[in-house]
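Chain nomenclature is as follows: A, B, C and D, assigned in order of appearance, with residue numbering initiated at 1 for each chain independently.
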Amino acid sequence: MTAVTRHRLFWPVLVLVVLLLGNLIEKPDFFVIRMQDGHLYGSLIDILRFGAPLMLVALGMTLVIATGGIDLSVGSVVSIAGAVACLHISRQSDQNAVSGVLLAVAMALGVALLFGAFNGVMVSRIGIQPIIATLILMVAGRGVAQLIMDGQIITINSAPYKWIGAGWLFTLPAAVLIALTMVAVTALVMRRSALGLLLESVGGNAEASRLVGIRARSLVLLVYAISGLCAGLAGLMISSNVSSADGNNAGLLIELDAILAVVIGGTALTGGRFSIGGTVIGALVIQTLSTTVYTLGVPPETTLIFKAVVVTVVCLLQSPAFRSKVFGRWGPRRTPPASGSPSEPTTNAKVPA
Amino acid sequence: GDGTRDDDGGAAGGDDKIVLGFAQVGAESGWRTANTKSIQDSAKAEGIELQFTDAQQKQENQIKSIRGFIQQKVDVIAFSPVVNTGWDPVLKEAKAAGIPVILTDRAVDSQDTSLYVTFIGSDFIVEGQRAADWLLKEYEGKNEQVNIVELQGSPGAAPAIDRKKGFGDAIAANPNFKIIASQTGEFTRAKGKEVMTAFLQSNPDIDVLYAHNDDMALGAIQAIEEAGKKPGTDIKIISIDGVKDAFQAMVDGKINVVVECNPLLGPQLMDLVKKVVAGETVEKRILTEEGVFTQDQAAAALPNRQY
Amino acid sequence: MPDPQPILQMKGITKEFPGVTALAGVDFRLLPGEVHALMGENGAGKSTLIKVLTGVYQAEAGEVVLAGERVHFSSPLKAQQAGVSTVYQEVNLCPNLSVAENIFIGREPRFLGLVNNYPEMRRRSRELLARVDLDIDVTAPLASYSLAIQQLVAIVRAVAISAKVVILDEPTSSLDAGEVQQLFRVMRRLKEDGVALLFVSHFLEQIYEISDRMTILRNGRLVGEWRTDELSRIELVSKMIGTELSVLEQLEEQPRRDLAALERQEPFLRADQVGKTGLVAPFDLSIHRGEVVGLAGLLGSGRTEVARLIFGADRAETGTITIDGTPLSVRTPSTAIGRNIAFCPENRKTEGLVEDLTVRENIILAMQAARGWLRPVPPRRRDELVARYIEALSIRPANPEALVRNLSGGNQQKVLLARWLITQPKLLILDEPTRGIDVGAKAEIQRLVVSLAEDGMSVLFISAELEEVLRLSHKVGVLRDRRLVAQLANDESLTADRIMQTIASGEDS
Amino acid sequence: MTTTTSPTGVRLAKVFTGRQRYVPILATAGVLLLMWIGGALTYDNFADLQVLLNVFKDNAFLLVLAVGMTFVILSGGIDLSVGSMLALSTMLCAWLITEEGWSPGTVIPLVLVVGAVSGSAMGAIIHFFEVPPFIATLAGMFLARGLCYVISTDSIRISHPFFTETANTMVPLGDYRIDPSVVVSLIVVAVAFVALHYTRFGRNVYAIGGNEQSALLMGLPVGLTKVGVYAVSGLCATGAGVLYTFYTGAGYSNTGIGMELDAIAAVVIGGTLLTGGSGFVLGTVLGVLVFGVIQTIIQFEGLLSWWTRIAVGALLLLFIVLQRVIGARKT
């Protein structure tokens, strides 16, 4: 039993389960998944489907955070990617042509990658604090998206493009499959190659990493580029899901949700250790939270309070200090493992720059 | 951005060209962009020099802009308030500087109506009422329960508050009409679709969808289709604004009725500006010309839609 | 003569960490006006005992009696207020604050609640530092000074408080002989004032010089308490280690090796006029295959800088470095590593370890970085290597999954060594590798250096302990005032005294 | 023993380290000046002192917000709740005064207390339960905004004479006039400066930001200081809210969305390191001015919609890169 509760993902998973069960009380057939037109259909599937873009963005964010950075520009990249793709498709005579759609997707992802790389250069080469470096694109990026579309919402009518966000494959939503594939590939690359270890090292102690010969700059660049790419893919999904691109609203505030997902998943914002599985759980918790709001009919005015309470509860439960201080009375007093060793300074010596 | 960088000192000066300072809310929607375009185009057409600023949906930016206009001594200031309160101090400054102010699109809530010369724009409450009127007419004589779901705009936004109120008050008298779920779709297609999907999962029996704007309705339509129902038939859809896509959806039979909210008030505004500069008295409240469009009118109106 | 009433007494202290019992029912007492040495191998529980005493950790069982009263400190602040002043094992000061502020923070002179007298603080800091013979700019941020200076500042901070009990956890590990004498002078003065001192060190000479009594811990258990003059070194070591091993004998004389034979070959590495303004004046240095070059000098003399410039940790402004006859063009750590150079930095906490990673990950890191992320070390090979070096260096706990953060100081140092040894470098730069390492392990490391050199590895060896440098090196470079003033062959004529003279005069006499 | 250091070494170190601390702030000031000169050469009226005064006036609340944020960031934390706290403050003021008929004399202190208390609550959660600041204050951000909506989604006008009159009061300054809010914000800066540099609390903030564990082991009151830092931030946020209420004479629940990012950016641009322990409150003033000047340039340029955003981003980029280039020269 203790082995289970000790697992770093135990608490987020628990909260996810509790949230889902909460829905069940309000709506007894919440867990029912039925077949409809050859697609699986049900609330759980919806959570996965609408959570897919967040999962992707949070995936990229996890890697960035692992290196001790943060990427605020993901929301803007989401909107730009959608804008680029939809603009290209809308200009085609046959919007259903697969080649045109593929080109549009490639262009959008290329642009997203470029924007990510720009962030990476700002952080790793010019040495600007990540929050500010990415704030620039966060502000300007949405302007660029609107510029691309001349401030209008572009509506397209392209079946192949629509597949990305609203299509189905093997009875499952394509978006979910794409997101899970990305997650699986990334997780595999991180753990099978040494990339994960090197990122954790850079995030854990940048100077020590330099002295063991890790070329942190290119790693950091890579990570921001991946984050851009993930955000771009999420942007395609979001715009494809509604067959239109909205420069102003697509991906608005998704950066906060993504960061939240990463932290709920147990990755510390200070960098170092990261958990991709945790991030997936975190993204699902957040999406389930929205769904719960709809299911329970929480009025829009109190939605945020509801959200605040849930977030606080998750994070408190996750905190060993909280558990030992509040529940400690009932068990033998033990030193919390994660809070351990206050003697060891967690940060490196920081010299005023 | 031209117009501001002129070299003849105080932009307005003795120059005979009228200078209009316009502080726009932002570029948050296609509707708003159409509004901006209309104002720019008609200013150019009328030979009025337009100084335009974009507040990015922030009241403080808009106040800064207005203060800047006062500083630059423009002839007339016009703006679409982000929110209806909080303008007294800066409008007093404008009044003290002798610059007339025209409100567009949204009203301000001030005891001192002398702070602005006129307000031109739609009445969001009336829009909500019109939406309800259509619904009441549609179900006239039938005595069955009508389950309505509502997609609200962003919390705190004036159109969301007023459209909800106008609609809600108008159907309140008839107990057959019941709003079974109401949630914010934040005025966007993506959220509209997401919320509608959840509504469809938890409410098997939806008769009517009332969306505070077209974008949410357009998103919701896709959710309804994915759930295997027919929008416009299985679920009747009422929407507000009247963007081109919504008219297209009406033509396709997916939206039943659109209450127009007209962003193209540029020509009317320029007219007013000229009158105000000329010293003519204008009415305190000018409504924009707006209609209610149903499916049978949609096909005819579609080619003329400009936004 | 009966012992006086102890000022501090700890009874039955038990402290558990997940998976480790760091202390099991340990008793300890400290008498007023004595210097009490706390002895034990790496990981014996010395630092943990100190942390339990001062409220950093809360013990599972046991009690603390201070001046006749039962006390329980919930934080170091409380301990400090009760008159227990501590220098913890790692330098625990704020790198961003100035030296003066580090000494005074928390007890700045105040007027009307405002901290106003900065000049006074600076003046008093300078006075206090002068007591340990340190004359530095007290307004500069602490981070701009070497670890040794930081250590001295920490000591000054601790002794500046008028305390009943002063605890010094390995304060001398980064100090050279001179500083140690300064510190001892300060300690003796405190002792005369009736202050009780608790002192931890792995240097037996220091223990015998300064301490009155000692308590020995082994594996978190109390071995016993002795008067220092009643316990011989051999007995002490065997009590610490738990067997009758004669480690001390192994520590004795290593055979001097033939320098001439080595130097007949081309040097493995040659530095020509390498230097950087403000760090070290341009120097020439050559290191041959199988040669151990020691660097000697006072604290701040520039030994670390020489090492860093060679490794590329700092970018040199002048000069060239040639390895195996080909010059190194770009000098960054990764290019140096690419040419089989390895560098164990002196400050393991900030420059060496990634504390959130496990022992295994820390050990494999350098090898992995050299291979690039696309070619991970195969798990089998990795586990085998890690296990081999945990065993070879006797890292405790011998669990590759343990977080490095939770290792004792000495074991952390061993992890750092293991990291570089598995890369099988041709030149190994060791900056204070034996800092904080117990006698047994120190002998192990010294033996390791000798055998590595015999196998053809070159070693650049920096240590504050002159004896150690002398024992291991073929050649000793002497630094003074950031200048390499002499390179002395380590033959019969070279003695610690001669090196000291060279340091003092700046030339070989 | 011989002395360990050479006199030249000492002198070198002095020049090196002494000035280095001020490099970021000097770089910021320099680039700001450049920008201002650029604006003055490009646009007429730009050089008018009133324009500069307006920058102060229009950003008084942001300045107060950013001062609170400076404390938090110096301690190594972050506070995302300030934008929402500002909105909550305006809503509480407007609601209590207009709808409940309370007097401003009770409402304003009450609102400030609310700010300090909720700040402390977040600080306590952060310190005692070791919840990351980002998350704890994000929850605070949601909660405060949610409370605004619960009070009213509609905006509430304040017609109390105290508010309308204070809003119209001007402090004469030669030929020009400045707002009382500017005076208040500058007083806040001065108090913050003294608190940071001349009180133990302030010094402890720097120490914790430098290394929290060390600060703990040095026997500094880490918990108290951390809670205090968030209390200060909460207090400043509601204080800024009160200023905002004077600025607009109303309360509105959507006020200040995203303002926390402006505040953080202003602090960081002002040379404070996000990792904590290094920075100055005067740098924050410069950071806020940078924001104000960028806004002013945009205003004078009269850009169309999305170009505004692009220009803000571009100017920010220009500024940061210049600041970095100038600042990096020393290191």
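Keep in mind that, in the parts below, a contact is a pair of C-beta atoms (placed from the backbone, for glycine too) under 8 Å apart; a residue touches a chain by one contact, two chains touch by 3 or more.
Predicted model, so just to flag it, every value in this text is computed and none were measured.
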item	value
Topological distance between chain C and chain D, in contact steps	1
Contact-richer chain pair (by C-beta pairs counted) among A-D and A-C	A-D
CA centroid of chain B to CA centroid of chain C, Å	71
Chain centre separation (chain A, chain D; CA means) in Å	29
Centre distance in Å when chain A and chain C are each reduced to the mean of their C-alpha atoms	43
Intercentroid distance (Cα basis), chain D paired with chain B, Å	34
Residues of chain D touching at least two other chains	21, 149, 153, 210-211, 213-214, 216-217, 277-278, 305-309
Junction residues of chain B - those touching two or more other chains	26-27, 33, 36, 155
Multi-chain contact residues (two or more partners), chain C	56, 88, 92, 95-96, 141, 144
Contact pairs between chains, per stated definition	A-B, A-C, A-D, B-D, C-D
In the complex with chain A, residue positions of chain C that touch it	16-18, 47, 51, 56-58, 60, 88-90, 92, 95-96, 141, 143-144, 311, 313, 333-334, 336-338, 343, 345, 349-357, 361, 364-366, 368-377, 405-406, 419
Chain B residues within the chain A interface of the complex	26-30, 32-33, 36, 152, 155, 181-184, 186-190, 193-195, 197-199, 201-202, 215, 218-219, 222, 226-228, 243, 245, 307
For the chain A and chain C complex, residues of the former touching the latter	192-195, 197-198, 200-201, 204-205, 207-215, 219, 272-273, 332-335, 337, 340-346, 348-352
Touch list for chain D against partner chain A, complex	20-21, 23-24, 76, 125, 128-132, 134-136, 138-143, 145-147, 149-150, 153, 210-214, 216-217, 261, 264-265, 268-269, 273-278, 305-314, 316-317, 320-321, 324, 327-328, 331
Touch list for chain D against partner chain C, complex	1-6, 9-10, 12-14, 16-18, 21, 194, 197-200, 202-204, 206-207, 209-211, 213-221, 277-278
